[in-house]
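Here it is, the structure in full.
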Amino acid sequence: MTIAAQGLTWGIPLLRLLAALLLLLAFAMLAQRRLLTLIHLLAWQGVVLAAGTALVALLTGQAELWFSATLTLALKAILIPMVLHRLLRRLQVRGDVEAVLNIPVTLLAGIALVIFAFSLAAPISALTGTVTRGMVGIALAAVLLAFLMMITRHKAISQVVGFLAIDNGLFFAATSATLGMPMVVELGVALDALIGFVILGIFFFQMRETFDSMDLRHLERIREE
Amino acid sequence: MTAILMEVAQVLLVAFLAPLFAGLLRALRAILQNRRPAGCWQNYRDLYRLFHKESLQAEGTSWLFRFAPYGIFAAFCLAAGIIPILATGLPLAPAADVIALVGLFALARVFQVLAAMDTGTPFATLGAHREMLIAGLAEPALLATLFTASLLSQSTSLSVIVAHLEQLRFALHPSMVFAATAFFMVLLAENARIPVDNPATHLELTMIHEAMLLEYSGRHLALMEWGAQIKLVLYVAIGIALFLPWGIAPAGQLTALPLTLTALLLKFAAAALALASVETLLAKLRLFRAPEFMATAFLLGVIGLLSFFMLGA
Amino acid sequence: MSILLVLICAAIGIPLLALWGDGRRGAVMFIGINALVLLAILALALRVLWNGPFTTGDGQFMVDDLSIVLVLVAGVVGLGTAFFSRSYMAREIVHWSLSRRRVRLYHAMFQTFLTTMLLALLTNNMGILWVAMEGATLSTVLLVSLFHTAEGLEAAWKYFILCGVGLAMALFGTILLYFAAQKVLGHDANALLWTHLKTVRHQLQPQVMAIAFIFMLVGYGTKIGLSPLNNWLPDAHASGPSSVSAALSGLLLNVALYAVLRVKVLVDGALDPDFSGRLLMGFGVLSLLVAAFSILRQRDVKRLFAYSSIEHMGLATFAFGIGTPLASFAGLLHMISHSLTKSAVFFSVGQAVQSIGSREIQRIRGLLELSPFLGWAVMLAVLFILGMPPSGIFLSEFLIVTSTLQVQPWLTPFLLLGLGVTFAGIFPRLQGMVFGPAPAGVDAPPVSGIVPVFVQLSLVVVLGVFVPWTLIQWMQHAARLLHG
Amino acid sequence: MISCLPLDLAIGALLLWLGLGLSGFLLGGWPTLARRLIFPLSSVVALLLTIAGFTALTATPDNLLLRGPLPALPWSFQTDPLSGYFLILLGSLAFAVSLFSTGYFQSLPGLRLRRLLLQYHGFLLGMGLVLLANNVFTFLVAWEIMALTSYFLVVTEHEEADNRRAGFLYLLIAHLGALAILLGFVVLAGAAMAQGGPFSALLHASLSPFWASTAFLLTFFGFGAKAGLLPLHLWLPEAHPAAPAPVSALMSGAMLQMAFYGLLRVDFLCLDALAPWWGPLVLVAGLATALFGVLFAAIQTDMKRLLAYSSIENMGLILVAFGLALIFRTHGLNALAALALAAALYHALNHAFFKGLLFLGSGSVLHGTGSVAMDRLGGLIRQMPQTAFFMLLGTLAIAGLPPLNGFVSEWLLLQAFLLSPALPQSTLSAVLPLAASGVVLAVALAAYAMVKFYGITFLGQPRGARHAHEAGRWERAAMLLLSIACVFLGLFPDLLLRLLYPVLEEMLGQGLTAQPGWWWLTPISAQRASYSPVLFFLGMAATLGLSFFMIWRFFGRPLRQVAIWACGFPVRTPAMQDSPLGFAQPLLRIFAPLYPTERVEDADSRWRLRVGDPVYRGLYQPLNRIAFWLSAQVLRLQRGRITLYLLYSFLTLLILLAIWR
């Protein structure tokens, strides 16, 4: 996959900027207490992702990536956050996200994770060309940060947000680091994400129906004693 | 032919002189205890009277009860034919070696115990389990002493042991000294003699051997008593064969017989004296001291064995 | 073409069942579709027998010695489950008063699950493999919470999140794999085709491949139920209908392990085989031990056997970790035998649980008296799962232990400890369930649901007494393939 | 007949057994027919197997390969003198037991009977296969089949929780044993594919001393678990009382010997790199087992438990003899090893017969009185005279009394012990006679236990169960046969030693020296030791007859029946006899530290003494606690919190990445 020379001069820095934005948003989500803001941040991550995909499409001239970018924008930046938003209102979930750890500690752990991700990706980056250098590391860091967020949150919705954030990180890796996966795979992944989301929706209502609450602690009954 | 004759002679001799030996023992003990003895022949009188008395069978007892006296008596008579008393190499001798002999005694004992349990009386069963206990603990000690002798002569056949030991000529074997002491202790225990049991007791709760005979009467009791007397003689004879074998003639040598008989008489007299003095000097042990007694015997036997290996003799 | 036939047969069932899959008609249709699928699979097997491994559809689909064996098992277990599901669900529907819609959902989702399993086994594309695995997860989530109980919901939620996150990791691994493949095969749609990757596997970047493998192992390993990633497994098995538990244990775990094996072949080309071997052995032993000790205190019968699945998958993973052809052979045999046996266990235990009305081991008593068929089904199935001859599990455990001792002798005590503790944990409970007086007021379950138990168990006996030549050859080739 | 190959005959017999089991299963609808038809036929088949065993002793070793589950793992069978000897053991015991079963299972309902028939024959089949197996795989499969079918037989009466517990304990220990055996075999086999090869391929496996010893220890543990070796004996006293009497007879008489067979086949034949400490280890373990077994046999209050502990004792004695043989062989004294081995093999057969007899007899007692609890029995000699007579023979035989068979093997063993000065190592040769004293102690205490067994059950007055009836015809026939076997083996030991010759030849390349005549038993030389049971018996009979005749002739008078005197005590109830525990009271007192006793209050608010098994408290309970503690720790991982689970995944991922970076 080749990238036009003029693209290299402005395209790659821009892509890097987007990557940094993604990481920043991931951190922001880790630090965020309010559910509503969390969803907004997720939407913004979707926007960044779509922009990144579009940029790669522009740079490499792959038509299907445009399609992918549109899909991302529609799905991740608009549809899913919107649905989540509405869910939040319909289910009348309010209040703060209760974190398991306090935020500063979580952030410190997050920084450690990022360092770890970079050091892990360093040998890989060294092998690749200049184009996608560091992208794997950023994607990995975003994934790990989202993972950490899932671990530190109690509410079902915040876990879903974390889950979707992991997905975003993966997507970024797929588009920016590898400059696009095979179309079949991308379609499959998107389909799965959609179905998964639908199922989640069904799920939330079942949960609501059964527990009158979205707190994960209701889901800690099955245990070994 | 002479061998067979001697065989028969030996059995008859043992059978018919056993009451005498027991009587002698009783007399000696009485003398040592400053009592007037009833005379050496008292046992014969007892047996005679018993044989002529009516035998009773306790209700609810089975054929075992009736069979046991004969079985026991027969077992001891058979043993009398095997142990070299008058002569070595008798025709029956190879039929059983020392181990089988011990087995034979055990067989007799088991019959006695079963017969006692057959009556189902409290004292009999009490005696029965005590008897089995004493015997169970005595047997290892007995075997240990017998092993010492058989290791020395590389045989378990009493005839061969005697023949072998006779050639050694009065050399003092430390292993044999230990073994002899152990054997003596076992003899006391197995024959219901004083530190373990009291043959003359009339206190039911301390009885062992006598308790098993409580329901017997008449000829059955006579056989039992007689059997016990033969047993004592047999044990002494085994002891003599193992530790003082000198003078026992090979089978068929009629010429050696007078010497053998004289030696035999002397040895038995000495044995009676030794037994009587021990029974006078010692007091009866509590039942649960008996295991310690047997353990001592076993220990001595073991030391005998070990000294055989360490000192080579 | 035959591959596509299998997939089409399976896929066509989904809309059919979604539309008309309720009532008695739905159950029969479910059986019919899976019988058809099994027929198609047999045809495919015959084709493989004559022609050997082949790819089709522009190389997107592939069947080889490794996959055909598992496809066959999937077909058999699928049909068995469908059979069992008919009589089992008939009673469940009454008990939970499920709506027609819910029954349609059940059948359609179940068929989706079976289809995605077959797709995962038959695809040649590592990306599609991931998609199929994710599809399988999604389709079973609603099956686990079919009864809308609080417990089912919780189990399904955990299942969804843990496996979702796990599979996300696997996807990251897949992306990294593609990343590595790009360097060799170029930015090409075919760069994720396993057959292509296999030819160039020695040129793949070892650093990338190592990280990719770890991600995929953790990802798919979550689905295999490797400890400590196994926490969803007992919950999901316990809460769903028993037919779903059977399918999860019998199919899903196998397919996830299959995915790991496919990756392992590639990684072994790029890196020293010790790398993947040690990881698999470590996870295997850990799972075996954790599961064994967890079994010791179980009170819930379905959780008990869920842990037993973890134990067996651990053992199989361990066997593949050893890596000798014999061990891989044993691992494959273990996968097959375990699939057939464990689904039979869940069929029979499911019947028992349904009749008694409780999953508590304490309350399940006197099955033999309740119904000799059911009693013996439970007894035999569980004895087989414990590795008693003449089951195939005995044979595979025999082979695994022997190869362990030759390659890693110091691990054998752990292996035996695990097996011993499992035995000590399961067996007394089995006795309590099968023997003794039957509880009062319980009616015997229908015999028809137990038929597949005996069918599958007799197949397991065949595996233990006389493995057919063809199967041996396939498995030997597969073992060689895994050995590299 | 002789031209028929033993292997064909044996396999034929096993197949017939299988067929009988299956047809019994099908015929279960007609219980009487099934019982009357299948069991006698099974006896006939057992006879066939015995014949096969006899022919195998002299025929050249034969083998048969069948395609197994995998081409590399064939089903492999063979016969050689060793397996021939054990086939005789199995066949002859099964012959009697099947006869017994014909009558014994009269009251079993059809459903139970059909299951029992299948499992019973499966059990026989399993044992037969163990003897015929010629490679590791076949052996293990047969071994597990044997364990599994016998387990099912143990839990025949599964309504009782105790029986289930017994069955579990049994199968657990059997399973652990089987795992150990498997491991031992693998260590032994070494090379990858040797598992499919015949045992003879293992014969000269060149192993390093370490691995040879590992293999030895593992197999010794495994077979010891089956044989009731000391800390692993726990299942035995549980399983035997739980099983129906014919099954206990088979388990005790034949199945335990399968463990011995395994030891001989593997640890004696295959492992020839002998470390000098193996023999002493086996010997000490055997002696400890024997003493332990007998001490606990003596205090039991249940007939079958007592017999089970006695089986432990007897297996201990066999192991002692086996250990002695190992010691002798290690030092190259094969002739002496042959003597010790002959003692072990002889005792194995003896034990099959007398223990079979005693278990069958206790089954008859159960049927006759409805109980085998000795504190409810007594005086059965009057109500069951024939059973009592057979049991008396069995009791005398197991107590090691001449001229019955138990004594012969004991005698041989002691003779072997007395040959210890031939050993080059002086410490060992000095210590061995001590071990012999231990053996004597065990045998003497066995007499104690067995006298108690017989005396309490058959003699005295009934303690509880007053009504008893004599055993049926089939049962008595079976007991008669086994009694005859005990007497025969006691009187004509030389005949059996001749049979043993090819076995010893195979094992050691050397048999026992020839005997001067069939009525003599002179294993080394007539000078050294001799025993003639026939002469012994005739002498005994002659003196008995003579004394009886003389006394009857001279003093004979009819007996008068009188009430029991009992020192004149006026009150006499059956409770004044020794209770089963009371009989053992001296032992309880002397060996008090060994017996964990506790006083429990019974239903009539009387204090009763209950004696447990120290191994259970000292070893099994702590192990159990440790396992459950570990289990609790592991389960703490499952706290139900999803975030925690995610954390596990997360940490796993990070750790793996960190390690492999």
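In this document, chain identifiers A, B, C and D correspond to the written order of the chains, with residue numbering beginning at 1 in each.
As a convention for this text, contacts are C-beta pairs under 8 Å (C-beta built on N, C-alpha and C of every residue); 3 or more make two chains touch, one makes a residue touch a chain.
Predicted model only: the values in this text are computed from it and were never measured.
> What chain is the most remote from chain C, judged by the mean position of CA atoms in each chain?
Between chain C and the rest, the longest centre separation is with B.
> When C-D is set beside A-D, which has more C-beta pairs in contact?
C-D
> Averaging only over C-alpha atoms, locate the centres of chain C and chain D and give their separation in whole Å.
43
> Between chain A and chain B, what is the separation of their C-alpha centroids in Å?
That gives a centre separation of 100 Å.
> Approximately how many whole Å separate the CA-defined centres of chain A and chain D?
So the centre of chain A lies 70 Å away from the centre of chain D.
> Using the average of all C-alpha atoms in each chain as its centre, how far is it in Å between chain A and chain C?
Whole-Å distance between the two chain centres: 31.
> Please list all residues of chain C that touch 2 or more other chains.
As it turns out, chain C has residues touching two or more other chains at 157-158, 161, 165, 211, 294, 297.
> Which chain A residues sit where two or more other chains touch them?
Within chain A, the residues that touch at least two other chains are 120, 147, 150, 159, 219-222, 224.
> Could you pull out the residues of chain D that touch at least 2 other chains?
Answer for chain D, listing residues that touch two or more other chains: 635, 638, 642, 646, 657.
> Which two-chain combinations qualify as touching?
Per the contact definition above, the touching pairs are A-C, A-D, B-D, C-D.
> Enumerate the contact residues on chain C facing chain A in the complex.
60, 125, 127-128, 130-131, 134-135, 138, 141-142, 145, 148-151, 153-158, 160-161, 164-165, 168, 171-172, 174-176, 178-179, 182-183, 187-192, 205, 207-208, 211, 235, 238-239, 294, 297
> Per the contact definition, I'd like the list of chain C residues that touch chain D in the complex.
Residue positions touching the partner: 157-158, 161-162, 165-166, 169, 210-211, 214-215, 217-218, 222, 228-229, 231-232, 234, 275, 279, 290, 293-297, 324, 326, 368, 372, 383, 386, 388-390, 392, 394-395, 398, 401-403, 405-406, 412, 416, 419-421, 423-424, 427-428, 431-432, 434-437, 463-467, 472.
> Which residues of chain D touch chain B once you look at their complex with the stated criterion?
It is residues 378-379, 381-382, 385, 388, 392, 396, 399-402, 407, 410-411, 414-415, 418, 421, 426, 429-430, 433-434, 436-438, 440-441, 443-445, 447-448, 451-452, 454-456, 459-461, 520, 526-532, 535-536, 539-540, 543-544, 547-548, 551, 554-555, 557, 559-567, 569, 572, 574, 576-578, 582-587, 589-590 of chain D that touch chain B.
> How about chain D: which of its residues touch chain A in the complex?
Where chain D meets chain A, its residues are 635-636, 638-643, 646-647, 650, 654, 657-658, 661.
> Would you tell me which residues of chain A are touching chain D in their complex?
Touching chain D from chain A are residues 100, 116, 119-120, 144, 147-148, 150-154, 159, 216, 219-225.
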